[in-house]
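A quick write-up on the structure given underneath.
A, B, C and D label the chains in the order they appear, each numbered from 1.
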Amino acid sequence: MNAIAWGAALLQALLYAALAPLLVGWIRKVKARLQNRRGATVFQPYRDLRKLLLKEARVAHTASPLFRAAPYIVFVSTWLAASTVPLIAVNLPTAAIADIIVLVGLLALARFFLALAGMDVGTAFGGMGASREMLVAALAEPAMLMAVFTLAMSAHSTNLASVIDYQLGDFALRPSFLFALGGLILVAIAETGRIPVDNPATHLELTMIHEAMLLEYSGRHLALMEWAAQIKLVLYGTLIANIFFPWGIGLDFAPAALATGLAAVVLKLFTLGAALAIGETVLAKMRLFRAPAFLNLALLLALLGLLSQVILEVGA
Amino acid sequence: MSITLLPLLQQIVLVLAAIVLFTSFVLLSQARLIAAIHAFAWQGALVAAVTTVVAATGQTHHLYFSALLTLVLKALLIPWMLHRMTRRLALERHVETLRRPALVIMAAVALVIFSYWLVLPMVQQEMTFTRNIVAISLAVVLIGLLMMVSRQQAVAQVLGFMSMENGLFLAAVSATAGMPLVVELGVAFDVLVAMVLFGVFFFQIRESIDSLDVDRLNRLTETAEVGEVSTGRAPPRAAAGEGG
Amino acid sequence: MIALLIVLLTPVAGALVLAVLRPLGAAGWLNVTVSAITFGAAAWLTWMIAAGVEVAGYGFRVDDFNIYLVALTAFIGLTTSIFSRPYMRHVCETGLTRQRGMRIYHSMYQVFMFTMLLALTTDNLGVLWVAVEGATLATVLLVSLYRTPEAVEAAWKYFILCGVGIALALFGTVLTYFAAQQVIADPSAGLTWSTLYRHAGHLQPAVMRLAFVFLLVGYGTKVGLVPMHQWLPDAHSEGPTPMSAVLSGLLLNVALYAVVRLKMLVDGSLAESSAPHLAGYLLMGFGMVSFLVAGLFLHRQRDIKRMFSYSSIEHMGLMTFAFGLGGPLATFGALLHMLVHSFTKSAIFVTVGHATHIAGTQRIDNIRGLIRTQPAVGWSLLIAVAAIAGFPPFGVFTSEFLLLNATMKAQPWLTVALLSGLGVAFAGLFRHLHPMVYGAAPEGQKPVRANMFPVAIHLALVLWLGLSIPGFLAQWLDRATELITGSHLL
Amino acid sequence: MTQHTALLLAGLAVLLALVSSVVSVAAIRVPRVLRLLVMPLFGLAGLAALAAGLLILEQGGVATATLPMGLPWLPSRVRLDVLSGFFLCVIGVVSVAVGLYGPAYVRGFERGRDSLTALGGFAGLFLAGMLLVVLADDAFLFMVAWEVMSLSSYFLVAFQHENAANRRAAFLYLLMAHIGGLAILLGYGVLASFGGGFAFEAMRAAPLSPGWASVAFALAFVGFGMKAGLVPLHAWLPEAHPAAPSHISALMSGVMLKVAVYGFIRFVFDLLGDVHWQWGVAVLVIGGISALTGVLAALMQTDLKRLLAYSSVENLGIIFIGLGLALVFLGTGHALLGALAFVAALYHVLNHALFKGLLFLGAGAIVQSTHEYNLEQMGGLLRRMPWTGLFFLLGCISIAALPPFNGFVSEWLTFQAALQAWQLESGVLRSLIPIVSAVLALTGALVAATFVKVYGVAFLGQARSRHVRRARQVPLGMRAGQGWLASLCLLLGVLPTTVIGVIDVIPRELLGAGLPQAAAHGWLWLTPVSPATASYSAPLVIVLLAVFAGAALWGMRRSAVRRVRRCDAWDCGFAPPTVRMQYTATAFAQPIRQVFGLLFHIEESVGQREDGAPRYQLSIADRAWSLFYMPVARAVESASRRVVRLQSGNVRVYLGWTLATLVLLLWIIS
């Protein structure tokens, strides 16, 4: 049993890594269609990664060893964070190893090194990106924690698996979850660097955040960073999908259950991706200093969720 | 109780005491230094007289001695010393301008009433006589202090001080029939030494601010601002000695 | 008895000899010797008392309360004389005073010691008064020793204010005598403290109340209670430093001692009256006012010696408050505080003397970088002030600890005032101390010949008292406490 | 009997500390003594304290002894229980590091004019004082030790006193320490007057009415909070800690603040006994404010040591949040949850001692090799001092509460405690605690930002000034000191279960409730309440990280070209970046400054320098000054100005005062 559980955990870890580019490709595709372009195939991101991996890496003279270590740390911690989120089945051992707070912590670790890497070479852009990233994170992280605390307080657990079990167990239309969902979505948008907070497809120095930190990277280092970003996107998508709409996720590790779980989650992710794409097409990127307002809204929503949980759902 | 019931000697005591009080009023309002010294001498003489009378009433013989002491010290020696000093300081003609004399006199009167009111609670029948004497002497003491407050002339201040001492003597002899002899002597000695020292200081003050106006002894203060202090305070090296 | 006689007569003899002794060095040494003999005799006397020998008679009375002050007085007299020998030589070299001045200084020093010891050991209120007045007369010449205008002015103010105060005290004494005559047959015993204390219950309250006010204002002037304190900073700042040391370390104590003795009488007589604790409340009021006001004064000082004299006022206020508070704990604390304050404060004045010689001035703004110039002086000043500010492990903290807790028990809300006062005073001291000891030394500032032995010994004692109060001293203070309050602490 | 061995060891520690301070007198003549003898003794004292603490912690129980000092009716007694033991460990760990670090570090002062005796002597006294505070068993000894600690650390702050700023800092520090000490003294006074004695047993037995208990609590909170640097009583801390030599700063920030925490715990949880949840609310609020304002202030600093000092304010805030939670839970009768929050606070006490000590030692290393405090002048140090760089990085990760390091564990525990708020009956508390945890979360994120800034500006990029470019590796001893703390940071991050298993004895003996579940599932699993509620397995996280990293590397090897070519920075193809084009610390903080600016007095001005070049000025002031400190100072000043009128200088006025007093009194009595 335990071996199977670990196997499933490993499987879904690999799935995360494997599916991540696909989701990005899908979002790009949808966006292209919405903009009346044909757009590249949904598998384009895989090709990009492969291309980057085959290129030689170039490192600035002024870079320190940390510059070369960072991509691995970022990739690994993001990946580990992702693999603790039940993708196709609940009750994974990884979920027990690391609960929601650890998840946030691992993402913070990744961000920490990402920002340091940005500052390492000593270019203005890198510093700018790091500074802005930390600002966004400083506001997004509490919102994220508050949102998950809302779940945790009603589920009496910070263990994602048990939260999902709880959701599946006795589902009710909870105002707190509504707020939490809203908050989490906003956080996800900010954290994954999507419009309107950041624009993944631009190198206009005044607007970029995430890209500014990657400017100096190339070759496999860049590949790892990009890949990590894609995994992060899937992670947030899965978090939203599987916590708030857990139906279909496998309750045991029988192949059938896993298959349905996979199908279900892929379906959910593609819907979310489509929604995101639509959002990005209709919205415009906002000025950096309106981002705090955006994130304060997220924090407010999350906090309201927590309070309404406390006030309205006593004993829940 | 009314004065008529008192034995004659005690009546005399009361009369003398009243005159002592009057003399201290004279001291308070006397602007001419020499005259003030004379008034002070008279006061001393009167205190001595009181002492003798009390001695006669109470057959307490050592009081004769202290009466003699008082007479010599307060009526003769100290006035004489003051006289000499005023002459050596060329102050015979000195006339002090009293500020608001009426007010000062009023205050003095108030003090007299106050001190009488103070001693009222000492109610014990056989004591009314002494009680009143205590009131008088307390008044004399307070008026002496008032005089020191109101006069800015060093010699006049000393006069005030000495008339306080007179008040004390009066209290000592009339209320308590005299202190133990050792104390009397000690007090007298102290007063004498004090007088000598006062003499020394007159000259020291004179040479330091070439006047005896105590209002001009105002260098040692906290209220002065720093700049002024640097000039006003002791030339520091002089005050504390050369370093190293 | 012999010991007592030696204690009293040695200074007198010393004073007579020193008044005529011309050679300077010899005078200095003789001064030390005389003080040493006095101290030896005092130690002997102390030992006798500790052994339980009754020393009384001829109008003298040595009990647990005054004996420790006698020992303290003799001891500080000795250490100060040790310090004053080189110091005054130095002063003499700078030509501030002449041979004659030195003769006056030395003999008056001994006269002062004599009056102090007399005031402490006598059993007669009149003699007590005479002695305290004598102390004034002895020191007033020393204050004006340098003959600078300021010195003369200070001396005059000192003389006038203390003279008036003392005169009022005499009036109080007369009234006490007056009250005594109603109850004590033998008129000659009418001023004997022990007799009075025995009959305290019968003394007429109305008279005693009146008397106590005069005595309090009178002796309070010498204690330096606000608002009769104005002479104190002047006299301390203008007189020679050894004088300041003994004034702060001894004279104030003796005056306070007199007040406490008289309070004991008044408490006895007022016991059945409407306001039994009147004396205590008066003392508390004066003490608290002096304590707070002096603390505020510290903030606006420009002269280092004035500053520390204000801190003396502050501590005197604290002790007065404690004695007024009454109760064994407070009294014990007050007695202890008297001890440690005298040690610390005289140590401070000794150090300040050296500091002023180093900087050549008493102005705080011109005293800089002492630690750089002469670490011994700088550090001693710093540590001594830390001690006087009530930092452990020094004894002042111990006594303040006791006082605070006594207040806490008796009048909880007054502790707030006490604490804020301590804070204010502390800030006042250190804001001036900091620039003096720290920082770079100004140009051409040179170290001086300094004899830090008295400082070291005083601070060592204070440290010892702070870490642990030796048993015999505790017993001793406790007996004194019992004498004053009538109840044990231990 | 082992308890007594522990107590003996503790005594030995105190003794060694005192000896080290006495020995350092010899440094007047022979400066070498300081680094050859004093510092090693210091380290040994730390070692002894550590040993004593560990011994008593794993033995449990209590040992007492009586010292030949103190008041006649109150001989000073020392008492070693598990709480004291824990704090002995905290003191010991950092002191050992300082003992390793010190010898090489103090070399820097041998050429200076400042007295080495003062440095060594007061450091020894400082340590002895802290140890005695933890050991004291009666209020008197406690106060003595407490003030010895304050006083000696004050002398150390004033050590380099030729710098006027240091003098000011020292004065402010001593003043506030004194006032805080008086408040504590008063608090003990309340207990003593009810309990009838200064011995701690008597105080434990004191029958207090809730009102008086609250008074005592308030006094203790003010007194210890002032020492712990809680906002708004923190003003001295960012001034004093940077002023001291760095190894002392490490002790002050890492240890002395913890001693204040110890005092608070001893006073509130032990002596006061039954707590009220209202106190907890007060502590929570103050703790939250301290944490947030502390980290924001830290983020805006450009002086490295000041920044670290402010972050100490923040960390103490977190600790007090934990204690506040404990008070709330205990006050509402949830002993187990109280124990959980309590353990979280203790764990953070230990962690903060470790990483703040580490960071200050690192700062000291930087200062010694570059003589630079200002971040704006640093840069590129990682390549010049790799070891310090590495250790400092570990410190940054720990303090930023990132897994798998120790900072994360304590923050995780605090969150877990906060998340149990649903068990409380009162809705107010249930909604207050989440808000506090939100503040905690915000704080955590800002800390990360702060230390990204510190590390990025100081160690990454390129040197911004010549003397920094000439920085050299520091001697082995200094590296060893940092290494010791860094490795402990990692260890406590990886093996939290074991550590908590040890700490658990403290709440069990102090509060009567422990965490039975915490270590119930083996050393791998940390499950504070129950596995279903929350679980964290740091070792497995490490393992998985390693596995994934292995996988990634393996993948890279197979698929990617291994060559790496060095070239100029691309920087969007602009001109090759120069040193002055780097993002500065000020610039880094600018966005956050703009968002949270209203908490501070911020004055920005862009002007012209005399040479015509544009000039940017920025001043950030703590609002606490204008709100709390200036009014008091002004009040005292004006009061004294009024009072000195008494000393008008005119003798007649003086006589008038005498007369007036006399008349007044006479009037009063009759």
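Methods note: contacts are C-beta pairs under 8 Å (C-beta built on N, C-alpha and C of every residue); 3 or more make two chains touch, one makes a residue touch a chain.
None of these values were measured; they are calculated from a predicted model.
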Touch-connected components when subunit D is not counted: A | B, C
{"item": "C-D against A-D, pair bridged by the larger set of C-beta contacts", "value": "A-D"}
{"item": "Chain whose Cα centroid lies at the greatest distance from that of subunit C", "value": "A"}
{"item": "Distance from the mean Cα position of subunit D to that of subunit C, given in whole angstrom", "value": "44"}
{"item": "Distance between the centres, which are taken as Cα means, of subunit D and subunit A, whole angstrom", "value": "35"}
{"item": "Interchain centroid distance [CA atoms averaged], subunit A/subunit B, Å", "value": "98"}
{"item": "Distance between chain centroids, defined by C-alpha means - subunit A, subunit C (Å)", "value": "78"}
{"item": "For subunit C, residues that touch 2 or more chains besides their own", "value": "156-157, 160, 164, 168, 210, 233, 297, 300"}
{"item": "Touching two or more other chains - residues of subunit A", "value": "none"}
{"item": "Sequence positions of subunit D contacting 2 or more other chains", "value": "644, 646-647, 651, 655, 658, 662, 666, 670"}
{"item": "All chain pairs that touch each other", "value": "A-D, B-C, B-D, C-D"}
{"item": "Subunit D to subunit C touching residues, read off their complex", "value": "68-73, 76, 113, 115, 140, 143-144, 147-148, 150-151, 158, 161-162, 164, 167, 170-171, 174-175, 178-179, 182-183, 185-186, 189-190, 192-193, 198, 636-637, 639-641, 643-644, 646-647, 651, 654-655, 657-658, 660-662, 665-666, 669-670"}
{"item": "Residue numbers on subunit A that touch subunit D, as the complex places them", "value": "13, 50, 53-62, 64-66, 68, 72, 75-77, 79-80, 83, 94, 96-99, 101-102, 105-106, 108-109, 111-112, 115-116, 118-128, 130-132, 134-135, 137-142, 145-146, 149, 152-153, 156-159, 162, 203, 205, 215-216, 219-220, 223-224, 288-289, 292, 299, 303, 306-307, 310-311, 314"}
{"item": "Residues on subunit C engaged by subunit D in the complex (per definition of touch)", "value": "156-157, 160-161, 164-165, 168, 209-210, 213-214, 216-217, 221, 226-228, 230-231, 233, 278, 282, 293, 296-300, 371-372, 375, 386, 389, 391-393, 397-398, 401-402, 404-405, 408-409, 412, 415, 419, 422-424, 426-428, 430-431, 434-435, 438-440, 466-469, 471, 474, 478, 489-490"}
{"item": "Footprint of subunit B on subunit D - complex, ascending", "value": "644-652, 655-656, 658-659, 662-663, 666-667, 670"}
{"item": "Subunit D residues touching subunit A - in the complex, by the definition given at the top", "value": "379-380, 382-383, 393, 397, 400-403, 408, 412, 415-416, 419, 421-422, 427, 430-431, 434-435, 437-438, 441-442, 444-446, 448-449, 452-453, 455-457, 459-462, 525, 531-537, 540-541, 544-545, 548-549, 552-553, 556, 559-561, 563-572, 577, 579, 581-583, 587-592, 594-595"}
